[in-house]
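So, here come the structures, one by one.
Presented sequentially are two complexes of chain A, the first with chain B as partner and the second with chain C.
And then the complex of A and B:
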């Protein structure tokens, strides 16, 4: 058993690229589900639209990087708007089905042969992150303390990623303290009451959907740049489901809930995965093979989601009164 | 009348979206090109076929075997050029129209069939109107074939949709784990036939029984308990996502990532019935599916339990106060729903390979069928599922098969916008 490797990968997972991507996705879900009670199950599509917006502009059309970022952001806002106009009047469970269907439509289009020239089919797009890494202020090398460390490329992604997480958290904190945020929470608690006070509920929901989408889409950018590629199947429904697991784990309607949730989620996932595969290859566990470790990790995610909702729906840091789990 | 008009408008709207989208979803792995060469009813042996990419890079060669069949695996999706070497044809045969190249598109996971129709060598100068007439009749043959396949798919979706819809109607649960119940049916059948050694038919029966038992146990020890604790509906929905993840990866753990056919009936040769070509297994499967759906429908209409189930779906509180044992009804529905979903999986495994994601891939189509018909209604789910199945298959007349599911999902969204209660549903607050 190589305990040092397990320790290093686990600690690195606490702040790693996946954690940043999922934290941003979950922060977006938290605005929609945690604060506003909107069950948007299409979060993966927001990340996908942003990642592909950047990738297509730079690699397919050969246009500048910053235009790619702008187009990615603009496409996310347009997508949120298109998704919201027809669906935000629906009841929670219907909204969930429609948004998940919309996200699948987006994914199927990304991977289709018909649009292969634009989106690159199931192989996706690559070769668009050059400008980003050219801006890297860190000279080449390994940065870290002792055995823990990242290369200059990963460090650059992480610094920017955590900066985005920080900015998003600050924005969410300020917004939710404002009168605007209180209206959102009121919509989550009782939509009709808010309407009777003369608030335009639809407009507030739309703003929450767009804002959540934009925060989530930073995760799409970070993913695309960190791995220097986008593939359609990365943005499948499971990304959304894991983001929900993270929100519920950390605590819905808490500013830092999703961030801590993402860290804990990935630490556990990496720890369990690496410990199991080390134990399997060292011969301590004989009833499964190393390829079967992957499924076990995600079985545990499913089990964890069930147990959380049954026994502690407010998650680790949440408040039970603030979580919208009843259909109204 | 008005409902019918609205439903029809939604259907048309979906078609328009599909047409404008203009482009294919396949389930199996491995792309390739294949074809069968026959001349005057006899297979043609030894004909050389060369496949190149669009830009001319060589991909592979094949020679037709004793059955006239050839197949070339290709490395990726895209457009290919297929050339037939005319010098290897029998001396008296020629390709109709004289064009020796075809440029088929290969979609993800699809093996595309390439047609070379062989005619007598002097038949190249056939009357001009003949190909046109045959083009039109070919189109109608395709429509008939796709309609048949649409019913085939629609009936499988209907089996799964009926259980999902009744569970929603009686408990309010939007069960995201229903797709995994379908997968379980197929995986159990595979296990009992290929591993244990039972005949596939018997294995299918065992799988259905186990599906029913699993449905019963799920309600007895899980969902029933949660209802007793007063878990909210959204909470239950998210829990069902956890259940779906757990079951999906448990299946992956035990079954592995491969995609495998049953050990019987897999490569059954097709028979021609009128304009339709299909393997006999499909006709028998459709017969069984139709019988089960009719029996289930009659049970809902005629038996005491069936009436009670509809009453509970209508209004649980009122049903309980008129002396119906709501918990018992719900348990029966879960048991039957689990069994019928497993049956859907057994049948799905006949027409495609068994794979751990097969139910998940179908889940949104099941939702589409249920929503189209009207959430919570049993017969609505049946009608909606058939419409979805037909729609998916017939849409391939205009769009590549990889995008056929996209149309069904678009219809799902449009229906929810225009007529959220579905074709047979009752109007209620959904906003």
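And then the complex of A and C:
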């Protein structure tokens, strides 16, 4: 067994592109679900709308890169607004149903034959990240310590991605200890009480939905640029559910919860997956093939998460006293 | 009740002197005027109030049997539910169709029958939330602490004073969810005061509160009036209604059926009918209770007579006879 490969891939997963993308998606979910109690099950669509906004502007219409970023961001805000207007006055579970349906609609439009000229069907869009890599300040080569390292392209994506994670965390930290954040947390507890105290609950929920969408959509940009392509099925419902898993793993309503959660989630997936496939190819495990390792690693990680919820329901950063309150 | 400074109560009650005990009677200085409010749920008319006025600076009780539409009426007035028809004015400004949060901003704040403490916020945070016009509640200004810090300190100071008054100051850093039922009621009332309301609407403030806390809650409600606020509250506990209210409005089947001072309203025939229609265990007035007692005694004497001839269980026949006799007496009393 090649332990060095397992170690290297695992360490790289802790800070890798997937971790950044999922951390951003989960930071957004944490604003909506963790702090405001909004069950947005369409987070994947926010990433998709941003990624496609950029890709379509640059590769389909041949317009400048920065315009693509602006259009991506603007589309996310509009999307959040459209989603929020009919649903935020309803009970929380309706928002969940509408958002998951809306996310699927968005994905199916992206992959539809009718819009193949614009969105590129199931192949998606590529060739839009040129400007981004032209701005790369790192000269070509491998960067890293010892066996751990990234190419200059990945490094550039990671530096920018972690910068976005940092900025988002800072913004969330500042907001959540302000009176604005207090209103959100109060809405999570009981929106009628907040209404009776003279706060416009609808407006705050809308702000939370948009803010969470915008933070999540940074993940969509990072994904699109890191892989220099967007495909519709990347933005499926699993992405949203992983983001929720990460939020709960890290501890809901904690600033750094989603970041650590994303790191642990990907470390576990990569560690379990690579260890299993190494063990299979080295002949230690005989009852499964290397192609079966993929699904099995999800089973094992899922089992681990169930155990976590049983023994530490508040997540890693969570406060046990808060969970105890729910049982009253 | 006895410790209360007599001045405030007498002053509040003086405003009601000489008013007729008729539903919709005009008050000298109404803060809230309600006209023809109707709320239907399908075929059921939950609220159909023709005209009602709430006197400024008084404690008005809203009573009525279960299902009378008291809470629904509250919900209409405070914007938590949309009335099918009708209009009402608060301080002369029209309030129908105004959303709940704007109703609160105008100075009409309510509490809830099922207490809504914000469990995962601390007691102090609950209090701070009540303050109005907070600069830090704007998304962009929230980022810059220096903009809202000063205001936050002032709010905190006011919150701490209120917590002290409500004897919750030792709990200030505990989660609101860890408080007892009675403490939550206190917190909810204190939080409503952070809004600096003119009219406080309490929906069953005593429900689920242990008797030891009841007196303290009663004192706080009286305090509100003594500080110049108007109180409208829904309550089932007649002792409490008699104790603290200056005026009582009675609802039944969605409509206001009677109004009057607390001492006499309970002997009003309409009120008795409304209560006895649904409940035989409604409290009785002094004369009624006496009449009932006399009837029961008379019956017992009669039983004693029969007993000599035909020995049976002494109390058994008396019991089924009693409710019939009681309701007869009630009709006499109401006539």
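Note that in this section the second predicted complex is superposed on the first by the 308 of 328 C-alpha atoms of A that agree within 3 Å, B and C clash if a C-alpha of one lies under 4 Å from a C-alpha of the other, contacts with A are read in each partner's own complex, and residues count from 1 in each chain.
Throughout what follows, a contact is a pair of C-beta atoms (placed from the backbone, for glycine too) under 8 Å apart; a residue touches a chain by one contact, two chains touch by 3 or more.
Keep in mind the model is a prediction, meaning the values are calculated, not measured.
Trainee: Using the superposition on chain A described above, determine whether A:325 touches chain B (first), chain C (second), both, or neither.
Mentor: A:325 contacts both chain B and chain C.
Trainee: Determine, under the contact definition given at the top, whether A:279 touches first (chain B), second (chain C), both, or neither.
Mentor: neither
Trainee: Have a look at where A:113 lands relative to chain B and chain C in the superposition and call it first, second, both or neither.
Mentor: So A:113 only meets chain B here.
Trainee: Applying the touch criterion given at the start, work out whether A:90 contacts chain B, chain C, both or neither, answering first, second, both or neither.
Mentor: First partner only.
Trainee: Check whether A:313 is in contact with chain B, with chain C, with both or with neither, and answer first, second, both or neither.
Mentor: It touches chain B, and chain C stays clear.
Trainee: Can A:228 be said to touch chain B (first), chain C (second), both, or neither?
Mentor: The answer is neither, since A:228 touches no partner chain.
Trainee: So, does A:100 touch the first partner chain B, the second partner chain C, both, or neither?
Mentor: In the superposed model, A:100 contacts chain B only, not chain C.
Trainee: Of chain B and chain C, which one contacts the greater number of residues in chain A?
Mentor: Touching more of chain A: B.
Trainee: Do chain B and chain C land on any of the same chain A residues, and which?
Mentor: Residues 325-326, which sit in both footprints.
Trainee: Residues of chain A touching chain B in their complex?
Mentor: That would be residues 39, 86-87, 89-94, 96-98, 100-102, 104-105, 108-109, 111-116, 121-123, 238, 241, 244-245, 248, 288, 291-292, 294-299, 301-306, 309-310, 313, 324-327 of chain A.
Trainee: Given the complex with chain A, which residues does chain C contribute to the contact?
Mentor: Checking each residue of chain C against chain A gives 78, 80, 99-102, 104-105, 109-112, 116-121, 125-126, 128-130, 132, 134-139, 142-143, 145, 148, 152, 175, 177-178, 188, 191-192, 194-195.
Trainee: Looking at the complex, which residues from chain A come into contact with chain C?
Mentor: Those in contact with chain C are residues 171, 174-175, 178-183, 185-186, 188-190, 192-201, 207, 211, 321-322, 325-326, 328.
Trainee: Which residues of chain B touch chain A in their complex?
Mentor: 21-25, 76-78, 105-108, 172, 174, 226, 229, 231-235, 237-239, 241-250, 252-253, 256, 364, 367-368, 371, 400, 402-403, 405-406, 409-410, 412-413, 416-417, 420, 429-431
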